[in-house]
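A, B, C and D are the chain letters, set down in written order, and residue numbers restart from 1 in every chain.
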């Protein structure tokens, strides 16, 4: 390198004294250090160390993060759950039944509402922040103990902070040997129990969210909006 | 002190000094301790400035009682509440240590907020102490998270539902909220893994972070010194003098402080060199 | 690099530099990082000197995997083994993370001992690095204790009886041994509290101590610099020269080194003042 | 204090000039700072801070240490445990029976040895490091799986590392209504079963250690010596 820098001034003057041939031929600069693409040994070794360290750190962090998060981000699986024969839920009554939650404390329940030959199942999870909602048969309303959310008989918000109605479970009625008798076509109508016999079984399925007009939406967490511009904050 | 410092030294004192010198020569502990412990502080520093130390002492108490409580606590949904009953009712002084940890947590939240208020109202967060404030704000957030995660560990109905609500508040944050909540509770709903996850966060993740940030906070406090109280005589005199200077400048329409200097035509043209004259 | 460093700067680079200057002005991080990272090291420093860093990296890996494993582990005799089965067989990549923690522990013991051997055979523990050695020895003991306490957590028959034996070895230490063992196992025999006690020691007490001592160890290494390898050309030249000087001194019967200077009668008597003469 | 230092030179000369009465009366030195017992304000406040801090630290550490250690240092309580009627342990047999340990894994057992009208109970805890010892009826010997300790039929060391014989449990025989039939007087003799009927109950009590001559000692932990000069290392 010292040689290549010497080359540059080889034909010039040093300190004003004449010291070589007079004709100055400009030579191309070829000090590798002036070339931004040139890789010095230090640069090469620094790069090797950084890449090796990065690969090893990733080899530790990727499994660790996957281990911590992968299972947590799986959606819960839902299956059709038989909750009893239709005769357990007579027309005109709203029954509260336990739906298995992952923890014994979770107190996840459904309110099976049977009115005028139609049945809907309302999840007892408050749409505000997930507290368990209680049903008052007197007023035919639901109330949340945590922050005073109140819902009407169909789970639509009447007062308090909840941003949307309570979620519903899908419901279907099948014969004891598993043939479909009636399925839910729209949440507003529910499942018709007109053609079903009392021994037919009631099954609860995957839950879903609804808006105030009882249009179905993908299940959302408590506190999330399903309509309006702010619902775009929860795209997934 | 002056005239008693004569005569041969006590041999024990001499041995102690030799040992201290041995350590000091290799570590520079004397310089470091002096730098950290014997700082100059502004006049009129008051009891208000001890709130930060109080918060740190409470953190230390929480760490010690927490380590010892962990020797009896079991983060399993089937045995958590029962293990806390054993701590409270059966183990020697268990009620006391658990009480210290519980009330110490509340006291720490209170003291941290008082400290925050003191720093805010004294204006101690101003230049050059912005980063001290930032590390303190991170410590505040971590303290709140300690409260949240510790609250669940009792695993009674109140703890359970309060934490359900708190995690659902997290979940309602836009876009990433639901994912953070899913990771926090180890699934879409509170389940058996949630408790051990909160325990791990309460014991390992946040305390590690807090110890690190308390170290940074202390380093910055030592390096930058503590701020002068706003009511201190010196600072008030400086402010009064500045105010007077500002008014005087206004009266005479002179530029002062950061106000723009008015463009004034030069009173006398600058002497120009005449070419050729010498 | 020389001639490319001209012209206006990239705005992103400028903003980054301004942010860095902001932080550096308040914390002095540039000085600190330079002091810590860009130290002068002796010639012929080799791969052997990387064992300490390897041990530290393994500690970091153990800390990270341990924090995450704690999110699923339950230190309760009834559910400990089962929770480890869940980790190994059900949780995503659980077998991998548990394997990293298990084999990382074995690797750490091996690497710590290799590091110990390197320091010993290179003589790096000598003046002025005695305290670095002492902190390292404490770290070795704590590493061994991590192995002991971690081994029990699996709570199978091998872990149980191996730990019974290890604690009984502790108990056979004179006088204090039985008391230390009683405190370790929370009673006169292994019982339900022993597991959560070992877990607390494994997770909180020793890792806290290790982090502290790794910090001290690193500080001392940075402050005192690393030792020259015994085979380095400079050191061997120094030793050769000393040996030659010693031999030459012996040949001419001159004092050298620490040998006592032979009592020689003064060649000329000291001039004595004669009373009265002046 | 400035005043007291001024007093010292009050009657003297200042800068060589005459400035007062000529007769110099030496006064006693009374600068408080020269008195090692004098407490300055700084000293007082330092002391107050240290004492307050010490009291507060102790108020945290004493309960914490007590909480961690106090219960651990309690000796285990032992009660007489009924292990069955005498007919379960016929003369000439060595039976292994479980003795409740604090953990289900602890596998704490007693070998009830009934020979020639006398009964002893040997704890299966190896006297070396506490592993569970197994009994071979063929050779009438005990062997430890961990480090190869071997014991003869009475639990005395025949080979391997154990420093003393295996520990014994106290044994007594009582009538079904609780009257003592026979008690153990010396460990070498054991409990005589000569006068007992088959329905009488066998009870196990507090364990104790023995030396090679089967003299009883207070229960020691595994690895501790009970005789010889090294036994003084375990005084408690």
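Here is the rule we go by: contacts are C-beta pairs under 8 Å (C-beta built on N, C-alpha and C of every residue); 3 or more make two chains touch, one makes a residue touch a chain.
Because the structure is a prediction, the values reported are computed rather than measured.
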What chains touch subunit C and also subunit D? B
At what distance in angstrom does the C-alpha mean of subunit D lie from that of subunit B? 44
Rounded Å distance, subunit A centre to subunit B centre (Cα mean): 35
Rounded to the nearest Å, the gap between Cα centres of subunit A and subunit D is 57
Go ahead and note the Å separation of the Cα centroids belonging to subunit B and subunit C. 29
Junction residues of subunit A, two or more chains touched: 68, 71
Residue numbers of subunit C (touch at least two other chains): 68, 71, 186
Chain contact topology (line, ring, star, complete or other): other
Which chain pairs here would you call touching? A-B, A-C, B-C, B-D, C-D
Can you tell me which positions in subunit B touch subunit A when the two form their complex? 77, 155, 157, 160-161, 164-165, 168-169, 171-172, 174-175, 177-179, 181-183, 185-192, 194
Taking the complex as given, what residues does subunit D use to touch subunit B? 33-34, 36, 56, 60-61, 63-64, 66-68, 70-71
Subunit A contact footprint on subunit C (complex, rising order): 1-4, 57, 61, 64-65, 68, 71, 91-94, 96-97, 100
Footprint of subunit C on subunit B - complex, ascending: 23, 25-28, 66-68, 70-76, 78-79, 83, 128-131, 186, 193, 196-197, 199-201, 203-205, 208, 211, 219-220, 223-224
Considering the complex alone, what residue numbers of subunit D touch subunit C? 68-69, 71-76, 101-106, 108, 129-132, 146, 221-224, 233-236
